[in-house]
Amino acid sequence: MKFNVQADMTYTANTAGTLILNIHALHNNAGQAVLQEHLNIQPYIPAEQLLNVNGENHLIRLNVEEPGNIAISYHATVFNAWKMVDMDGLVETPVHALPAEVLPYLHPSRYCQSDKLFRLAHNMFGEISNPFVTVLNMVEWIHANVQYLSGSTNSETSAFDTVTEQSGVCRDFAHLGIALCRALTIPARYFTGYAYKLQPADFHACFEAYLGGQWVLFDATKLVPLNGLVKIATGRDAADAAIANIFGEIDFNTMLVNCTFADEVFIPFQYAPNSLQGISYF
Amino acid sequence: MKFNVQADMTYTANTAGTLILNIHALHNNAGQAVLQEHLNIQPYIPAEQLLNVNGENHLIRLNVEEPGNIAISYHATVFNAWKMVDMDGLVETPVHALPAEVLPYLHPSRYCQSDKLFRLAHNMFGEISNPFVTVLNMVEWIHANVQYLSGSTNSETSAFDTVTEQSGVCRDFAHLGIALCRALTIPARYFTGYAYKLQPADFHACFEAYLGGQWVLFDATKLVPLNGLVKIATGRDAADAAIANIFGEIDFNTMLVNCTFADEVFIPFQYAPNSLQGISYF
Amino acid sequence: MKFNVQADMTYTANTAGTLILNIHALHNNAGQAVLQEHLNIQPYIPAEQLLNVNGENHLIRLNVEEPGNIAISYHATVFNAWKMVDMDGLVETPVHALPAEVLPYLHPSRYCQSDKLFRLAHNMFGEISNPFVTVLNMVEWIHANVQYLSGSTNSETSAFDTVTEQSGVCRDFAHLGIALCRALTIPARYFTGYAYKLQPADFHACFEAYLGGQWVLFDATKLVPLNGLVKIATGRDAADAAIANIFGEIDFNTMLVNCTFADEVFIPFQYAPNSLQGISYF
Amino acid sequence: MKFNVQADMTYTANTAGTLILNIHALHNNAGQAVLQEHLNIQPYIPAEQLLNVNGENHLIRLNVEEPGNIAISYHATVFNAWKMVDMDGLVETPVHALPAEVLPYLHPSRYCQSDKLFRLAHNMFGEISNPFVTVLNMVEWIHANVQYLSGSTNSETSAFDTVTEQSGVCRDFAHLGIALCRALTIPARYFTGYAYKLQPADFHACFEAYLGGQWVLFDATKLVPLNGLVKIATGRDAADAAIANIFGEIDFNTMLVNCTFADEVFIPFQYAPNSLQGISYF
């Protein structure tokens, strides 16, 4: 389905510095097609394109050579891509059968200390045989217990905090889902994107679990339809897939994010109880 | 210089499971040459070789299909490789000039929460102009303040703990060094290897900082000569470069590690005050 | 009921120092009667008796003036004291009706960070109307989810750790119970004592919740009968009611603790499902 | 010296609840004299006076029986009281010589985890022989390294966080000072009061260390003269001496705090390098 996405951001550089942005819709993805995109930077700063370490995310790096205001405007039309995956009868993939490139998504990471959640995850979710249902149950638990509360957390908040403090924003919901999955030996990774119908409009974060050979999408916030996302990046957690990394004294000022539907009919999709259809963004 | 390295490990599998070991000397390294190596697994289990996500580390994955005892024996003769790098006049590499593959080593990770150490690192080490000297000063501070104390930490201990609790083992010393570097925008990564003259013999962990376009080695434990290491792996922290990852109920029993010198003359190297020669393992 | 209790402890002082022990059965308690007690210290060190800040616990302070071995032997015969309290129809005591001396047991403390468990406690246990049943449910949850595992925790472990890591010893079980109570505005405090039938014999820790104007006893370990305890001390948490506080380089060597029944018939008491009888040690 | 102090606070009760305020100038203090004081509560709610557990702090408890707005206004004229204490030649008081009521101020508490700062405190401040100079050095270090930054911390922030994150407000500065003292076996407690010349006007928090048989005042924020304080309360940390404890859904709205000098000449006092005169508020 076709979406128009937009991110307008302004910064003030007080010194020279470097700005790394991860706002481009993903290109080299089996399914998602960027039909057109424009990046405008005022004043002109050469934007070097970077591919991150696993060759997937599309970052730009701005060498800010002098103080001043910077306005960045990204507009794109994207055909997002997902497929439904039948999860009926799914059993856990043993570790010896996981692809090597998936293994790092079993490791604990900065915001997803799965090593500390081992007993909790087993006590709460260890008895379920179908791992898709396991992750659905985690998502239901997070949604029911963690309060979505802007300003209740910050950039240092991690899953170990959230599992007890039970408040946060999309980033925290995603980190907790990832940590619970990894604690049960289900590979999981962070997903950022543009999200259709997100109120208020913003970048969104959710997560993917590796199930039956696919990365299957989950969103414990339940704020948006699962089929209305335009993928920007994946990573181990927000440390890998931050929208912006700022080096030097560059202040963030304003942000305007938007995602509109540019196709004929949008039928919102959410997981339903007793349904075993997963959604995968390839 | 030539070393004989050895790792003999025994496990007892109570159930089927998977064992991933990272004990092979690194092959695909510009300098280090594995002259010969033998891996013996009793009883026979096919050992699948894995290269981890950045294509560097050489792991083996054992699909343990049934309960029982497992004995793993790795022996190799390795020509290790390092060079001295002149760090005189070194200045900080701005982020816009760092290679893309180095950028993830600026991110906080599970055991290296550099985001939480930002002010501390700037207050303690922010005034030094030559970043090699900065890292040397960090190493001196860690060595002087953190007590090497077996059993005082565990697999959950992180740099955020160690900077205050000030006790730990080589792993903790390395994590703290890495976190302090990243907090000052110096890329840093975890390094595991066989270490000549380590008493008692064991695997060793230290760290590398990216300085002047090289990964330069540092070891805040000062337990071993810096030129007597045989590289096994690098990673963001111990979550990436663990000697063993165990999935399923497989108990670790015993370990015998050894590293002997097989060349004519070994002249131990340590950093000296006022010297600006770094050592890099390529 | 009458019990013989015993604590034999040995220390080695490497320097002069101070040893504060909290091993005496409580005297100034409405019910418990110390029929006889003996304290023997070899070599002789004057043992100053201290009453702690709220005048309840009975501590001894030893001024260790020179290096050497110290053997402390405490023996007592105690008539312990408890009563059954009917909790049927109990409703929450509003804070304005709590006695002033109970209010500090609503505050978070070193090992019981109730402020961080507010949402969790409300989500898990907030819907129950009878606060005795609330605490019973907490105890059941702790017992079912936290694994009793010697050596899995240390003197720094707190309820915030245990609620997620879900392993520990009696001290950790007690801290978690206390923290959950306080998070729901139920005053709770730490309780140490000699415990009949504890295997292996040791000091025991559990907790009291202030319900219906009484301190009611709970023990999430379920290791001992609730009516076989000889009270030593209460406090906000283990920081207040430690068995021993050591100042100076005095090493703990050995400990022998014992509690035997010295009466005719002991009928062990435990809380049963659907029973609303609480047990209170005055 | 005479001060007029004032605290005007407004709350909105959404439900019935209890409000416990600790805003009264301390009465039962050897020196401080409350010349006159007025408490006005609109609408009228009976204000029960409480003395806290150690009989020192003067709290009021309001039983808010129904929803509505509440305005509390406290005005007092107070003769504060302090004395200078000569700290020259001071040596550490051994634990066996400390009064029993001082011992709890050696324990770790919710916000002052001195047990975790043991090695750090010894490494940084363990070599100084005069304990007054030790605490002065701690205060200098905190002042030089911790950034006073409103909004950078919250009610869950503790000394273990602040020692590394190095930002906070007066409460965090006090907690860190207390934790460092206790880690070196110097009893220390939290102090709240009205503070002359504090900009912007607010309640203030600092700390006292028990030195030479006196509670000696320290303030690592250096925001106010040390002789311009009107004592409200002391406690183990902010959990004991909070300005307000709210039970039930009562929202805090506004606060106006003031402290003006009502005497002839005010000569501000601060500790000076090389001076060994401490200030004690009895």
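Odds and ends about this structure:
By letter and in written order, the chains are A, B, C and D; residue numbering begins at 1 in each of them.
The definition used in the following text is that a contact is a pair of C-beta atoms (placed from the backbone, for glycine too) under 8 Å apart; a residue touches a chain by one contact, two chains touch by 3 or more.
Because the structure is a prediction, the values reported are computed rather than measured.
Path length between subunit B and subunit C in the touching-chain graph (shortest route): 2.
Subunit C and subunit D touch with mostly matching residues; of the residue numbers seen at this interface, over half occur in both copies. With centres defined as mean CA coordinates, subunit C is found 46 Å away from subunit A. If you average the CA atoms of subunit A and of subunit D, the two centres end up 44 Å from each other. Our note on geometry: subunit A versus subunit B, Cα centroid distance of 30 Å, whole angstroms. Multi-chain contact residues of subunit C, defined as those touching 2 or more other chains: 116. Under the contact rule defined at the top, the touching pairs of chains are A-B, A-C, B-D, C-D. Residues 116-117, 119-120, 123, 144-145, 147, 160, 163-167 of subunit D are the ones touching subunit B in the complex. Subunit D meets subunit C in the complex at residues 16-18, 20, 48, 50-54, 59, 61-63, 94-96, 100-101, 103-104, 106-110, 113, 115-116, 155-156, 185, 239-240, 245, 247-248.
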